[in-house]
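A single structure is presented below for examination.
The letters A, B and C name the chains in turn, as written, and every chain counts its residues from 1.
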């Protein structure tokens, strides 16, 4: 090839390379921008109202200054705990079934159902749990709130678990069978353990998604002005309180709504980080 | 100490396709027996039928008599999990458990079968790593390094140690060195030669020179049948069957 | 890979047969020298020795390379082993022909005397043995090789008879001792050539059948 032509070609190649790289970077930045914008806005609007009183006191009646969302923080924690106890085991269990035993028509039906459930509007889940549990029990409760959120966690956890388990190479399972380890034991102690990083990520995603849900809690946990630590009583939740305060006419409550949103985000991020740190300490990374 | 393997009338299928035709073979104890043949001849299937791994593949089944020592592998009361505990297997591609340390890898077969005694575990892991000639290279990092951080040859020796830790009587090896460089291959071959003092070894290999180097007996498989089975020297200098001769001289396969 | 290897094997075979031709030629020339008492045939035999030795060296090298590079098995391995052995035997045949030529040169320098030993007939028999042995190698026919093994007995007997007759002659007419001794040595050289032809035949049988038939037995691998 004559030198001038090859130079021209390689210049064109380099420009295209820079162009494509630049476009990719731009796309990534564009994704980050709204996230950072929301977070920054939250901090600006809310940090002023976050103080010790906010974090430790229950709401004061409208008109009175001060008060906080302490009961909401604790209530959210309680409801999410119930949701996780329901959502994580059932989700992981379904995921294990789908990956290891469900490569058949029945498994396809389950998969389809999970995908549909994933798309059900959160308020519909809330109303369903309302009619199944709240009406029967004749009272609102943290328990029913947890059930609603837990149901919403299941599809995400199940699909993530299935995907991660399928990514474990079959030779790993075979190695375990070859050692005379029964199938169920292999699935739990070898396959699941190998996929654990991804499974945990799936659980975290599900957790983060439901942590901020408001609609399902409207008819189940219902909210509470006061402290409640009992599972069978209406309970406050941060998301509910933010909703209530935000649509109210009081300025003071608006400020507290911002603070509540900020705290909610921080709690979610904190929970995810805590899980990441504790699980990575106990695991060996492959090379 | 190893035990002999008696195979009579072994047939195997993948769905409707028959992959093994009535195999009869006697594998003597404490010897290395090689199984050779072109791709698709059934040698891997044969070996996987010995420890009932064949049936873990959906739609695969096997029939016939396989006796490993006193154990009737396909007998009516026989439990596949138990069979696999007593017959160890090493695979073509080294497959240490990725999230576990070297120690945990070797101990996996023991721990996951309920073995708890800490002191005995330590002893067994050390013994297995010594048997597979890996002890000196890893003894300072047993719990710190993960199984997957070793080199290919070391990983394969780790898999051998793992298989030996559950104290099988027979060791099956499916092309154990085919993914390794020549030096690692040579170490593994040396190892196989040592192992036959304690175990009965059956090795599948597509490398005829390897079979010639390590095995005392060699069986030639072709299209699901055992064509010739004899002392290795005989197979490679004066084979009785023309098909065997054509294969070992490289005329096909 | 197989075709390159096959080419190597074919090359080895061709070279060995050519060398065999040279050896046969040396025997024939030496025999002719004895018959005609013409020293020019002796010179041809002596001059031809280096060609035979060069051929031996080349064939050995080629065989070694093939063994190292191609790791042959079974019949191919036996073939190469047979080639290396036949190679050595042919070179020895060349040596024996040279020895015969040297004896003939000595005979020519002495007065011709009549000896009751039919060297040309013995030489023909021996030459036939070598020829058949090489044929059996060319065609890979063990039966032809076996026929060669049978002929060895005849040549041995001829040599023994010549021995008796010539010793008697040396006793009766001491003046012809030198010539008689020369002829005796020639007979022995011929007998050695026959032995080498037998070796070649045994090597062919080993190659083709995998049976070791040396030293009178038939030993198959168990």
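As a working rule, a contact is a pair of C-beta atoms (placed from the backbone, for glycine too) under 8 Å apart; a residue touches a chain by one contact, two chains touch by 3 or more.
All values derive from a computational prediction rather than experimental measurement.
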Task: Chain nearest the overall C-alpha centroid of the shown protein atoms - done: B
TODO: Report the chain whose mean Cα position is at the greatest distance from that of chain C.
DONE: A
Task: Between chain A and chain B, centroid-to-centroid distance (C-alpha), Å - done: 46
- [ ] Please compute the C-alpha centroid of chain A, do the same for chain C, then give the distance between them in whole Å.
- [x] 93
TODO: Averaging only over C-alpha atoms, locate the centres of chain B and chain C and give their separation in whole Å.
DONE: 52
Open item on the list: Residues of chain A that contact two or more other chains, please.
Closed with: none
Task: Interface residues, chain B side, partner chain A - complex - done: 51, 53, 56, 58, 81-86, 88-89, 91, 93, 95-101, 108-109, 112-113, 146-149, 159, 162-163, 166
- [ ] Would you mind writing out the residues of chain C in touch with chain B in their complex?
- [x] 1-2, 5, 71-78, 210, 220-222
TODO: Give every residue of chain A touching chain B within the complex, in rising order.
DONE: 103, 169, 171-172, 174-182, 185, 189-190, 193-194, 196, 283-287
- [ ] Would you pull the chain B residues touching chain C in the complex into a rising list?
- [x] 208-209, 212, 233-234, 236-239, 244-245, 248-251
